[in-house]
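As written, the chains take the letters A, B, C, D, E and F, and residue 1 is the first residue of each chain.
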Amino acid sequence: MHVPSDPLATPRFTGPRTFARLPYLPDADDADVMVFGMPWDGSTTFRSGSRMGPEAIRSASALLRPYNPALDVMVFGALSAVDAGDAPTVPGYIEETMPRIEAFVAAILARGAVPVGMGGDHSVTLAELRALHAVHGPVALVQFDAHHDLWDRYFGLPYNHGTVIRRAIEEGLVDPARSFTGGQRGSLYGPEDERIAADLGMLLVPWRELRHWEPARLAATIAERAGDAPVFLSFDIDFLEPGLAPGTGTPEAGGPRGDEALDCVRALRGLNLVGADVVEVAPQYDGPGQATAVMAANVLYEVLSLLALNRR
Amino acid sequence: MHVPSDPLATPRFTGPRTFARLPYLPDADDADVMVFGMPWDGSTTFRSGSRMGPEAIRSASALLRPYNPALDVMVFGALSAVDAGDAPTVPGYIEETMPRIEAFVAAILARGAVPVGMGGDHSVTLAELRALHAVHGPVALVQFDAHHDLWDRYFGLPYNHGTVIRRAIEEGLVDPARSFTGGQRGSLYGPEDERIAADLGMLLVPWRELRHWEPARLAATIAERAGDAPVFLSFDIDFLEPGLAPGTGTPEAGGPRGDEALDCVRALRGLNLVGADVVEVAPQYDGPGQATAVMAANVLYEVLSLLALNRR
Amino acid sequence: MHVPSDPLATPRFTGPRTFARLPYLPDADDADVMVFGMPWDGSTTFRSGSRMGPEAIRSASALLRPYNPALDVMVFGALSAVDAGDAPTVPGYIEETMPRIEAFVAAILARGAVPVGMGGDHSVTLAELRALHAVHGPVALVQFDAHHDLWDRYFGLPYNHGTVIRRAIEEGLVDPARSFTGGQRGSLYGPEDERIAADLGMLLVPWRELRHWEPARLAATIAERAGDAPVFLSFDIDFLEPGLAPGTGTPEAGGPRGDEALDCVRALRGLNLVGADVVEVAPQYDGPGQATAVMAANVLYEVLSLLALNRR
Amino acid sequence: MHVPSDPLATPRFTGPRTFARLPYLPDADDADVMVFGMPWDGSTTFRSGSRMGPEAIRSASALLRPYNPALDVMVFGALSAVDAGDAPTVPGYIEETMPRIEAFVAAILARGAVPVGMGGDHSVTLAELRALHAVHGPVALVQFDAHHDLWDRYFGLPYNHGTVIRRAIEEGLVDPARSFTGGQRGSLYGPEDERIAADLGMLLVPWRELRHWEPARLAATIAERAGDAPVFLSFDIDFLEPGLAPGTGTPEAGGPRGDEALDCVRALRGLNLVGADVVEVAPQYDGPGQATAVMAANVLYEVLSLLALNRR
Amino acid sequence: MHVPSDPLATPRFTGPRTFARLPYLPDADDADVMVFGMPWDGSTTFRSGSRMGPEAIRSASALLRPYNPALDVMVFGALSAVDAGDAPTVPGYIEETMPRIEAFVAAILARGAVPVGMGGDHSVTLAELRALHAVHGPVALVQFDAHHDLWDRYFGLPYNHGTVIRRAIEEGLVDPARSFTGGQRGSLYGPEDERIAADLGMLLVPWRELRHWEPARLAATIAERAGDAPVFLSFDIDFLEPGLAPGTGTPEAGGPRGDEALDCVRALRGLNLVGADVVEVAPQYDGPGQATAVMAANVLYEVLSLLALNRR
Amino acid sequence: MHVPSDPLATPRFTGPRTFARLPYLPDADDADVMVFGMPWDGSTTFRSGSRMGPEAIRSASALLRPYNPALDVMVFGALSAVDAGDAPTVPGYIEETMPRIEAFVAAILARGAVPVGMGGDHSVTLAELRALHAVHGPVALVQFDAHHDLWDRYFGLPYNHGTVIRRAIEEGLVDPARSFTGGQRGSLYGPEDERIAADLGMLLVPWRELRHWEPARLAATIAERAGDAPVFLSFDIDFLEPGLAPGTGTPEAGGPRGDEALDCVRALRGLNLVGADVVEVAPQYDGPGQATAVMAANVLYEVLSLLALNRR
């Protein structure tokens, strides 16, 4: 049972920063969950910097404690969790990077652990989904994001943080009929943009609607679509209002506050969660208080809580 | 038809920053809208810095795309829009600066375009209103702002970012009976401060009330007052909660979040909008993620969307 | 009658920064309220820096004006208020520091003024409560905070910003049966953590519940418990959403926005308020706009407003 | 004898920030030196923000101790010094502001104290020199600055931070034949710019030469020119290399390091120093470590040291 | 003759930021020099962010004036110069990006202008050198840099900011026998690293030696090697001491100060300069004063000055 | 042989940050050197924050490579080195903290490794010296620091970052006759301050003298004093010019540049170095480029290089 080092014995600010002060054990064979980083920011279309996202999230996660009162579940202690370090990446070469991340995630899966990833720009999700597909087949994707990431090409090329979900659907990694994406807002290229999700068979609920939904409605909607399929949660930190999570590459004004965002993650309670990531944390654009990284660490904590609930 | 350069061909982070990647064409005679800056921060009573507001808003506006799903309208492509550059200003001399801004706006109006301004501290609005008055007569002012800016004198002198709306009413540039101001909060000089607006004939709805209004009520209230008068929107970025828009000079705790603020702009749908500005963006006080400038760029985008709707 | 210097005569950004531009009069015998700092950050368990909290709050408080429209009360002018400077502290020695702060507060009380403190990490509240106890006996504590601060020991030692309220109850300084704490969220050490408050006889309402309460319910609940007891308000700035108040040591994702937080303070209207503090402002982690300090200054202003109402 | 509060008794970070923890006594009649601020940044031609310079310098000056080993002189204790607060200014109105600063300095002179000012943009020096002239007649100016500030007009208007020294010479406030300016570098409007100083009768030594001078040569050159005339030192913080003092409005690459800059101030040893200022500190552009303000505080400390030496 | 807009008529902080306030004319056929950006940061091995380098340098360059006193040459007015905008890049795809930059530079050369580039990470230099080679044949490279950038592979792949000069030599774009690189310092992979330059026929002078050279020796050494060959200057901003130019990706402690760095550029006086770049400016890591960008702008200004001298 | 992970295989920005990407092995019995943190900032007299120093130094140290060309020595590969994590500390309790750090260092010594520490404020050096004394007896201290840290009491109490060296001498941990301290500058409490070192038998060379010394003179002076005694190097990062290393608590204007500072460390070549630390890195006050931490990491690298030379 791998657990965080005790912050009542030695302060939280001691030691090399691992996720939630968990042991750094990239080769652990007895972990339920392996948290890992994907430090790649090459394919972001505006501000780069999310290669440092894993470092920032690890730093902010030192505040996490074992018990989650919102979901009434012991997380650490119930779940054996480790920090598996970061997937290798190749700066400047997205097509070389993707297989390396995929192999890294495949190794986690081969160890029997659930992979929980820290981006990196959103393009990394494709590599995760490829690895998951080999084990679980197509997943039900639940995405919270200010963008749908369903565009086709940027600059004439296929792989990019804005095309990642379309690629995943095209490759058969995601079952759109069981999937959900929510939180979109801000300007688009044209009215057809709002129809892409539906054309591909996926349910998209923009923030202007989602903000009026009760948490129960969201949970029911997702559950109905996902059923008992294996579920992957991809949480783009730009889902949040930019002022609350400024440390990201493509901020869109007018999103949720923190408690609303955490409610969205908790809406996955009871689903068959087989993996998750939080992406697009670019700490260079965060303030010195690193509120964006704090939020990302808490989203991951809710993910671990859901996994702990499922084990109960 | 002037439109932004294509961000799917060349990334958003390329090229000199103009508003929304529009062409910089100060002399265009075929634009529906000319976006321009008023880099003046001399008359702010607390933190200076908004002279760099136009630069910051231009930088953040690179993320804007042509279609606004919230209002279901194509903006760029429907509207010919350019960046007209900045009005000349004279550091240290407000009374020399005002006529230069007025002349700059008058030139835009003479070209048949709607002037959409980026401040600068709020005193610049007086110059805009003077230029508009010459063409449109008194306007119905719609103001969203943490302050009413109806004070009389600071330090014994008349022109200042806290006296600008009173001056505009006194000069007959604004018809108070058709005007609306909302969002005020924070401390005042005395109970009489809350009555100035009414005494001048203007409707003021402080944030402690406005936050309970539905968007439809706001829209109806404004529409009823403004009628078919020419409308000028002045949006002071300090309308927002300081934590969400810290890059401003006189922050007041306890204001709206981003989606609420954007709803307020959208409440002007259908009105005869003849000009608008966003003022008081002081990027030195923004965090590195420039959330304040992102919000300001989006407010301006909603303004352009309203203009595009009106042309339809 | 001590009042702030006039910002319509000389700008707000002039002069050494005292709270609200009040006179710095540590020895005033004719003040109703003395605002003072407690620059101690030795016992914080994560990020230090709140020793600079008083400096930052003073700087941000320059914007405060005499009249509070939310509570319809003249504050300055009605209330004689001064800045009493900072209590002495001894870096590195908490047990030497506490009596010095206590003596400083005792001197304020001896002058007949209400002490209103600026932290400093939350451990300073113990010193204030000791001084108040000597005059008022046990107080009804009203606490807004992301943490309950009811833990027992850290690193085997008793005094710490996470144990302060327990210590105060143990020492008989706080009457838990008359006290209220709200706003808690984030991870805990175990399910028993949520029961500590009740076990000690104090009412704890976590943010996941409190966010659904109307202000009137909160006011009634606090009033019912406190009755006519002397009340001390301790407001930990980490009560707020981290993105809105990032300048603090132990941020917890998912808290209130600014107007909600100010409403909580206003819920104490009519109570017998004998002292208050705002703690845990660490300006190094605030952004350049110092939104955290702005919020803290406004919380203190609401406290002064409550005191002014009580004098009426 | 006014001296700083004792930092071995109460830490340096306690209390409202005055210069060097000196008492804030704007009306002291028994001070040898009065340190004061001139928070005006209206007439800077690039980045504003120096209105907050006095606040930042006060904050950084808390580290100053009584004895200066470089000049082997007790400063505090030997010299009675106070913080006189800030001169009133009128945002946006340079021509209203100058007389107010002049009157403020005149009042200091009337109290028999040496005025030592903290800017503010460089235009404030004109007001100081006007007040000094009334008492001392024309002064020998010693200026360290990346610019000569001898230009004639900006935007067609006379008063500005780049024209201030020319105006002072024209008004007869400065005797150019006894004056010295050094440190200039960076681009100019034309080759004639380098001859303005000589044309006006002033000695200008650009940094490309000055950096090869020994301190003794500098001291001898200045002393020879100034003779026994009353000397005013104007130290523009942009004299330093921008990387060392980034918190300023018009940085010019390639200047001195800190010890070289302090040596320049010490070169005035033995002269009849009747006033001094440090200008152009814009803390918004400083890093969080406020190295620019630290340097400015130390320059002022050297000024006070020179005054203390003169009294010996 | 294209020149900057007049900052004595309209302040420097007005208008969209182009390099030195030059006109943005990507298609100018009558420019002597075209300054352009290469916003690519995909292949940096540590901190990303230099895709925003051109924006930051443009912003800082607003302070540049027409005359360079250090080299006694009119720059603007003598030289027709424009801002050509930015080369297109493809985030994530270095091998797609390089030809696009190469084509962009080739177009500048086809217009008869000297290309002066703003990076971007150092890998962009390869694209520039390819375009130059087509016109000029192999160039004499003069490089100032904390690293030699002569490594072979990173992560098994050839193109990267640390391999760029080796690739250029291998491709015959650079004549090592005529080339010079200086300023190297910091840790290496092994002692053989220091011999790579010599093995390839290039002269490398590490900073520990170069800092003892007089400017004349440097000029003579470079001139002797370069002779009348076409010269390309590549200036990596990490050449400077990290504290002076922190806004870069791979800082190495212990480098030159600003005036020393500018002297190095001036050492190219009289050479047949056919192109130049300044690379690795990552403004996210710069302080708010943007000292790194200020330095980069000044390096480019010295380049333009050299070109102006050559035209005389 | 413990060495850093290979940055040519996996980028430097991957994985939890340990010093120089070394393995985190707190219990290694086969290391020549153990690098460790002492995250304590309770006893600093001005700005706190150095508890985060070890985290910042680890982050910046990712750039370190195995070979040091300045000293011509392989470091990693020649020396088996690990990151031992951080010593436990007790926030707020210096007298509880010191024995815990001492025990931590004693354990490293017991494993046969040389302890190389990362502060933390300077008070931590006392704990290190106590542990070293138990093994080596009194050491020859070599200190580079803007302050001598030889004061007696602050606030009436003995342990503090300004009294640490005096305490160490009093406890017999340091042999002053063999010790050297250099770099002092800035203001003092009185002329007697400059004599304390001599009175205690230690050689103090202030920066105003040291800056004129050649490296060879410094090396000879230190060597002559230290002889073959065990040597401990304590490097306070405030030794450097504040603009170059702003991330520290008590900056003093006018210190060395980076290459000069590194030369000072190299002056210990050949001595019997038994331990070292770098202290007072407070990253909250560093800029985003973290130049202070970069410098600290390089100072530690020079220390490791000296140890590697000694093993040869």
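The rule is simple: a contact is a pair of C-beta atoms (placed from the backbone, for glycine too) under 8 Å apart; a residue touches a chain by one contact, two chains touch by 3 or more.
Nothing here was measured: the structure is a model prediction, and the numbers come from that model.
Path length between subunit C and subunit F in the touching-chain graph (shortest route): 1. Touching subunit C and subunit E at once are the following chains: A, B, D, F. Here the CA centre of subunit B is 54 Å from the CA centre of subunit F. A straight line joining the Cα centres of subunit A and subunit C is 37 Å long. Distance between chain centres (mean CA atoms), subunit C to subunit D: 40 Å. Annotation for subunit C: residues touching 2 or more other chains are 9-11, 13, 45, 47, 51-52, 88, 90-91, 154-155, 241, 243-244, 246, 257, 284-285, 287-288, 292.
Each chain pair that touches appears in this list: A-B, A-C, A-E, A-F, B-C, B-D, B-E, C-D, C-F, D-E, D-F, E-F. Note for the complex: subunit D touches subunit F at residues 7-13, 62-70, 72, 74-75, 240-241, 243-246, 257-259, 261-262, 287-292, 294-295, 297-298, 301. By the touch criterion stated above, subunit C contacts subunit F in their complex at residues 41-45, 47-49, 51-52, 88, 90-96, 123, 154-157, 159-160, 284-285. Interface residues of subunit A, counted against subunit B in their complex, comprise 45-47, 151, 153-155, 184-191, 193-194, 206-208, 211, 241-244, 246-248, 250-255, 257, 284-287, 292.
Of all residues in subunit C, those touching subunit D in their complex are 9-11, 13-18, 24, 37, 39, 51-52, 55, 58-59, 83, 85-91, 284, 288.
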